[in-house]
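Think of it as A, B, C, D, E and F in the order they're written, each chain with its own count starting at 1.
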Amino acid sequence: MSDREQFLISEEPYYREVHKEIELYEAAYAVRMPLMLKGPTGCGKTRFIEYMAWKLGRPLITVACNEDMTASDLIGRFLLDANGTRWQDGPLTTAARIGAICYLDEVVEARQDTTVVIHPLTDHRRTLLLDKKGELISAHPDFQLVISYNPGYQNLMKDLKQSTKQRFGALDFDYPSADIESEIIAHETGLEQEAASKLVQIAHRGRNLKGHGLDEGISTRLLVYAGQLVAKGIDPKAACQMTLVRPLTDDPDMRDTLDAAVSTFF
Amino acid sequence: MSDREQFLISEEPYYREVHKEIELYEAAYAVRMPLMLKGPTGCGKTRFIEYMAWKLGRPLITVACNEDMTASDLIGRFLLDANGTRWQDGPLTTAARIGAICYLDEVVEARQDTTVVIHPLTDHRRTLLLDKKGELISAHPDFQLVISYNPGYQNLMKDLKQSTKQRFGALDFDYPSADIESEIIAHETGLEQEAASKLVQIAHRGRNLKGHGLDEGISTRLLVYAGQLVAKGIDPKAACQMTLVRPLTDDPDMRDTLDAAVSTFF
Amino acid sequence: MSDREQFLISEEPYYREVHKEIELYEAAYAVRMPLMLKGPTGCGKTRFIEYMAWKLGRPLITVACNEDMTASDLIGRFLLDANGTRWQDGPLTTAARIGAICYLDEVVEARQDTTVVIHPLTDHRRTLLLDKKGELISAHPDFQLVISYNPGYQNLMKDLKQSTKQRFGALDFDYPSADIESEIIAHETGLEQEAASKLVQIAHRGRNLKGHGLDEGISTRLLVYAGQLVAKGIDPKAACQMTLVRPLTDDPDMRDTLDAAVSTFF
Amino acid sequence: MSDREQFLISEEPYYREVHKEIELYEAAYAVRMPLMLKGPTGCGKTRFIEYMAWKLGRPLITVACNEDMTASDLIGRFLLDANGTRWQDGPLTTAARIGAICYLDEVVEARQDTTVVIHPLTDHRRTLLLDKKGELISAHPDFQLVISYNPGYQNLMKDLKQSTKQRFGALDFDYPSADIESEIIAHETGLEQEAASKLVQIAHRGRNLKGHGLDEGISTRLLVYAGQLVAKGIDPKAACQMTLVRPLTDDPDMRDTLDAAVSTFF
Amino acid sequence: MSDREQFLISEEPYYREVHKEIELYEAAYAVRMPLMLKGPTGCGKTRFIEYMAWKLGRPLITVACNEDMTASDLIGRFLLDANGTRWQDGPLTTAARIGAICYLDEVVEARQDTTVVIHPLTDHRRTLLLDKKGELISAHPDFQLVISYNPGYQNLMKDLKQSTKQRFGALDFDYPSADIESEIIAHETGLEQEAASKLVQIAHRGRNLKGHGLDEGISTRLLVYAGQLVAKGIDPKAACQMTLVRPLTDDPDMRDTLDAAVSTFF
Amino acid sequence: MSDREQFLISEEPYYREVHKEIELYEAAYAVRMPLMLKGPTGCGKTRFIEYMAWKLGRPLITVACNEDMTASDLIGRFLLDANGTRWQDGPLTTAARIGAICYLDEVVEARQDTTVVIHPLTDHRRTLLLDKKGELISAHPDFQLVISYNPGYQNLMKDLKQSTKQRFGALDFDYPSADIESEIIAHETGLEQEAASKLVQIAHRGRNLKGHGLDEGISTRLLVYAGQLVAKGIDPKAACQMTLVRPLTDDPDMRDTLDAAVSTFF
């Protein structure tokens, strides 16, 4: 299997459009504008980029960024083989060569050398200098760079530099509206609309606690987990505690509040 | 011996169910939901996961996480041999390939690159990008990821990111009730129920001091140590001091308090 | 393709002179004076150096500096091949050998070993000691070193040492005047002068907020992004929010202020 | 010489029992309980473990822990040879394979990865995962893990984690009583009992200053040094200053106080 | 070309003696006393050492020190070639072998291992232990060690240890007197004495601002830059702003003050 | 030349005994007691250990410790050659094998792994575990370990651990008395006793300033430097400023005070 095929999305991912994000993305992709997807964890950013890659028929290479990642992890490195060293492209280089969409998830977590290395790929140059190899590559015409970050994590210590930010157009994401979210839960778990709707209402109560004892709201992903357990025959209350309450907090008061929210509906 | 057989649990581990954790685990495993086991040190989390691996007939790969562990320690690395480099899978990759349960013990101790690397294995993608090798692997259908952590260690400096937490269902663990714990001690040491019960009562006194001079309560594991020495003919008082008091604290007042508790029963 | 050709600018880059920077650059280049380009992000420093490299017919090697870059990343390193180690020139060494203009972008981000290593190339010696190789190379007569930095980032923790600063002449850059900037936007996006002018006026409002809630003004680059989306038929208001507002700030008040500025013109 | 023989203690070490530590150790070894030896520097912990290894006829592998030691220093690593890489067992792995007592001296100094790596060797599993090699080894039935640490060093920054502490039984050590210590000095230096007794009395005065200007008391080891010099014909006062005073402190007042104590007896 | 020839200064460097530094240097070199050159950036320390190396007919090896430099960067390291490892002397080792003057520029920037490694070369031993190679080399009789540092940078965090300082004689350097400095500018740029003198007067005004808003005075090097641009026909005011003002400061008030000083003379 | 011969002191070093340090050293060496030499920089500790090594006819291996030195720098490491890896003994291992005196200069500067690694060489075991090689070596009967440190540097951040300190006897060193020091200067420089005596008197004035503006007194070594320049015909005042004043301080007041002291005598 060639590199390109390995990274193609073979089946249409389930995605429910919220605002006009599909149209805006298509226009941005048409001019190969680098994009930044902003929004809380588990609200559908990863699913959206997979959907767009599928819709546009482009390979997608996703990299989960972290503070220990080096520029070499993105660009590539020399490996030893029987004839000496052999160059191994990193995921960013592969994406630039095969014309993939390269999705750097939570790029704000990465060290600066990771974020600076993408600069020449995000302006009119569209080049990448493999300095260790002495090669200057021009990105494939289909290549596009997309990054995500969660403004909730943004703090004084960790933020993108302005010279990085100003290289991206930005799309905001949030949890879907109650109707759409219920529809998503039902679709992903096979639950009835009514049970799905109850889970969404519990989530809304939990999301109101963000900033008042919870760092982050209950994500759509956790609602799907809860629904899956209920669909397996687990008592809804136990299922919700296991998926919507226990993972989020160890604070006894917050747990009581969330448990009470669960009890209201089940 | 193949990799898979090396990691199978050959004999049924002794495990005493406390709440309904076995049923909940089985439902979560049925949908391959990533799980987080929460609870104090030495209360049986490791024993539980070994029991479940045995019950489900799945290999178990355990990794004791620590702050010096890198993503390569989990994923794998290139080694040199006579024909150049050879790829060596790490424990997480092995688990994903052979369909094992991968248990990351005290994952909160690990560096961020360790925790972020598990993200694509914990959502609908169930993939792992071996970026150094340029290979995207899909997890075996039997693969499941389980992590443990001790909320008592949780502090401002070290906590899982919300984007990691919200990928797991969670099960709470605590010390077993007095009856069950006595039964466990008796089973593991061969002591009479009565002596085992005295040890458990000493433990209860010690556990009340958690947060009042002790960082952590006396674990079931230490009670087993005490029982083993008593069963070997050591004076119970000396045995308790050596296993229930001296390891826990060097504070003279706390030692006196704990020694007094021991004297009450032996 | 030889190294030299790979780094030549083949087509004249579009550049609109603002002050007399072209004449000053040419005089500085005539005596091979090292230069420092100062100014905010996205105001045209990179475009200017590309234009000058084209005008002077010199190859251009650009390195995006970052805090994880080592001196070896600039100078070079030994690699293994079938016959043992082979020296691989880094970009600075290549530039010194082939007589390129070496442009170190945001050099203040680099570690000290990167900035000190350039010293002997920036005085009468014009030499570079490849200490790992034991070779002292004299720069090609055409070689020139150019660095950029953004005074807005300058702080107590990160600044060039005086012994580095005093090796460079300096040229100030800023956003172009309204007329010139509108002309640039129109040229780069194909928009009418009038729409381009509206975008520039929005930018001026945003730039006044620098230091009053925004870390940096809206760059010319972002205006080009906005114009490109409008030219693709996207509603101007949505286009401006996506390119001039969302990338810059997550502060609700600043977003309202900037959205209001957009609404004034579209 | 095989690995095992290299680590056997060939002659009975001189050891004077203080409490019942020999009996307690033997019972703990019988159930292969991991042990922690606690006490001040130079009071005989190392001598005790050598004595026990001799008494039980087990090889002893001692590792002086330090904050730069990595898990690989304990477990092992790949080395290159003519046919590629060759695995070299570390001291902990060797001990687990040959059934040695592995003594980790001042384990609290080590980094976390060193302390966490011992966990699976200290519970019912008695296994060690050589993750870099993909091998899970079961400890030899004779293997036992012993660690030492000095509570006086214990501080907020450096302490064992509770999940480590609760894997060990603990034995307290302190300086021997005056009679026993005099006997030890006399035995080790060939001095008369009377001179030895004077040295011990000086030590007692110094030990009272612990926490009142001295970080640590005068160790038995230093008394042996003093006795050795006196036995070589050095003036006792000069010998004591050189071995009991100058090494401990540079504070003029403390030196005067200790010199005065010396003058009282010699 | 042999190593020695590569480092000989082939042409007499232009150097204007200020005090009796040439005589003092010659006497110090006669007894091979290690020397420390002290003074602000750009006042001629590097030129002086090149002049002395030329005058004494000794090769000169200059190393720009920095905080990322390791002892191996000075001493040397093993490299791989077809027959295994090959030792590569570092610049300090080369200098000790061939009898060069080794000039460590801004040695205070280096890490401690760099500064301690020079100790045995700076006392009666005149040896260098290549510990990685197990070789003890005696310095060539012509070898001398010279270091520079700028007292202005000296602070509590970064200073040479007394045990390093007390191994060096020291020569103070400062900007030359007005007459001599004008002569230097005229010589280096081809300007008339009068124009050169104006530049020096501007510099004097700037140097008075050191400690009152400027970290460092305007160096002789920058005056040469200014003179070169004027000699190329650039307007003197623009030339001075580009070389004497913009590189030094971004503070608007300081820039105005310096611009005013420029306007006084041109 | 064998390793042993390379490290023998071939000529008697000039050393003037101050107290009874030679006798004390000989007694300590007779029982192979590890020793610590304490005293200010440049007072003769290094010369003393060279003298004793010569007197006892033992090879001397000196290591200048520093904070970047690792345990491997002392013990040794594997190197690659044509047949794979080859072990290279470090200086401490070489000393233990050939029976040298190993002198660790300023050991307090080293990292903990360096200081802990010497523990088993400094008690009754006299062994060194080459853990990377899996070899336990017993020290040659002639081997002795000597360390130096300067109490003036001792601070809260950097001090030897008590468990290290209590493994050494200690000898105090200080500047010699005026008579002896004059004799040393005269011997080393060829100056008349009178001129030497003047230099010593200047030094005494400077030493009184220690702790009152100077971090450290003027060392005997610097007096020798001054004498050497005077003997070469340099004006004594200039010679003293260059060697006794400028290296020590950049504080204008301290320089005036020291210059005045110089003027009193020359």
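Basically, a residue touches a chain if its C-beta (ideal position, glycine included) is under 8 Å from a C-beta of that chain, and two chains touch if they have at least 3 such contacts.
No experiment lies behind these values; they were computed from the predicted model shown.
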Both-way neighbours, i.e. chains that touch chain E and touch chain D: F
Distance in touch steps, counted as few as possible, from chain E out to chain F: 1
Any chain in contact with chain C as well as chain E: none
Copies chain F and chain D - interface residue numbers shared by over half, same or different: different
Farthest chain relative to chain C (centres taken as mean CA coordinates): D
Inter-centroid spacing, chain C versus chain A (mean Cα positions, whole Å): 30
Whole-Å separation of chain centres (CA-atom averages), chain A against chain D: 52
Where chain A and chain F are represented by their mean Cα positions, the distance between them in whole Å: 60
Multi-partner residues of chain F (each touching 2 or more other chains): 80, 83
Ring path (origin chain B; first step to chain D): B, D, F, E, C, A
Of chain D, residues touching chain B in the complex: 20, 23-24, 27-28, 30-31, 33, 36, 38, 70-71, 78, 80, 83-85, 111-113, 115-117, 119-120, 123-124, 129, 131-134, 136, 151, 154, 161-163, 165-172
Residue ranges of chain C in contact with chain A within the complex: 3, 6-7, 41-42, 46-47, 62-69, 73, 77, 79-83, 86, 88-91, 94, 105-106, 109, 150, 152-153, 215-216, 218-219, 221-222, 225, 228-229, 232-234, 238, 242-243, 246-248, 250
